[in-house]
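Dropping a structure here in structure tokens format, bear with me for questions.
When the chains are written out, they are named A, B, C and D in that same order, and each has its own residue count from 1.
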């Protein structure tokens, strides 16, 4: 079955294979590449006041950096054989159990970890 | 039209709204949350030798962290109104132009930036 | 008493005050700036093989990025009133207790956390 | 001559050598460890409002994470043979040239890069 993420993963894989870059695309190296791109993304927001929006140039850079982050994330998951959507929904299942609506409404404090099992 | 990423974004949005967490989910704060999760992800790989795989416990943590990274990335893009798939494919279009197969085959060196326009 | 780190902190503070940048230099924003610089630093090493050294250009960029990281770290600690040397030595005291030489010699595995108190 | 940073670097080096951890402490791996610790640091500030301070527990965690960041930064510089103080002062020299007080007073916008040479 074709999916958005599956299509992007396949395109990233073909791009890497055509250049013989599989040797560089280890999970360790791809995690570093992801961290590098996220660092660039964070830097765009670092001096922004809470009431302030990105200007047009910064927004264009942010869109490009989000594209880079998405690409490396999808590539890393592909190399590791991880289903990102399943992983994200599983974490959200846990967060729903951990952060019950009544207790955590309007609060940014961290919940205790769930009991194992 | 329903899509994998659209469905996850909608679920994250409902989760945040039910807890009145929109006030915390500014682009700046979400970029920080993303950076925090990517930091945890990178840490799983930091001492790994190139020929070494994650053990089962580390792999389970990596899957969970990839779920967190995906969740915050999708939430950040939703708050900013950015289409992650379009952004990733646009960057890949540029990378295909920048890294021609013949010149960069087997090489990890960085290409010069594309000329503007 | 004058110290290396104290002198650098004083110079960073004077630099920020002369430009009225104290308003931007909140702990939150400085932590983001630090993360952005560390992202650039990590990116220099991302495709490096274990047996490979930085070339001269990459090394010059790494030195500059280490300078940026040091500057933001010292500025953040100054704004928070934290003594970096005391904090680093306290963590090393803990690591010496957690990682006894005999058990962890040649091993990269993580030790259990120390008991509280 | 003994210095604060030199003493910390010597203590980190002895700690690593006693455990035969030099094999893990490559520049690449130490850059990753630094990124992981900075990710934990950033996460402490992610939901903080601009008018809000860290509570006592969060502050204690931040001090510990600043200790970790300092330790890995000093260790990375030691392994690379980089003088962090010289690197930080050199970058500050450049910033003083790039951000003249009159033009950039009260402004968070980025200056153009300095001309080479």
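Everything below uses one rule, namely that a residue touches a chain if its C-beta (ideal position, glycine included) is under 8 Å from a C-beta of that chain, and two chains touch if they have at least 3 such contacts.
Chain identities (UniProt): A, B, C, D = Nucleotide pyrophosphohydrolase.
Bear in mind that the values here come from a model prediction, so they are computed numbers and not experimental data.
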Chain pair with the higher count of C-beta pairs in contact (B-D, B-C): B-D
Between chain D and chain B, distance of the C-alpha-averaged centres to the nearest whole Å: 24
Multi-partner residues of chain B (each touching 2 or more other chains): 24, 28, 31-32, 35, 38-39, 42, 45, 47, 50, 108
Topology of the chain contact graph, where touching chains are joined (line, ring, star, complete, other): complete
Complex contact set, residues of chain D against chain C: 3-5, 8, 11-12, 15, 18-21, 23-24, 26-28, 31-32, 34-35, 38-39, 41-42, 44-45, 48, 50, 54, 59, 62-64, 66-71, 73-74, 76-77, 80, 82, 84-85, 87-92, 95-96, 99, 101, 104-108
Chain A residues touching chain C - in the complex, by the definition given at the top: 24, 29, 32-33, 35-40, 42-43, 45-47
In the complex, chain B residues that touch chain C: 28, 31-32, 35, 39, 42, 47, 49-50, 108
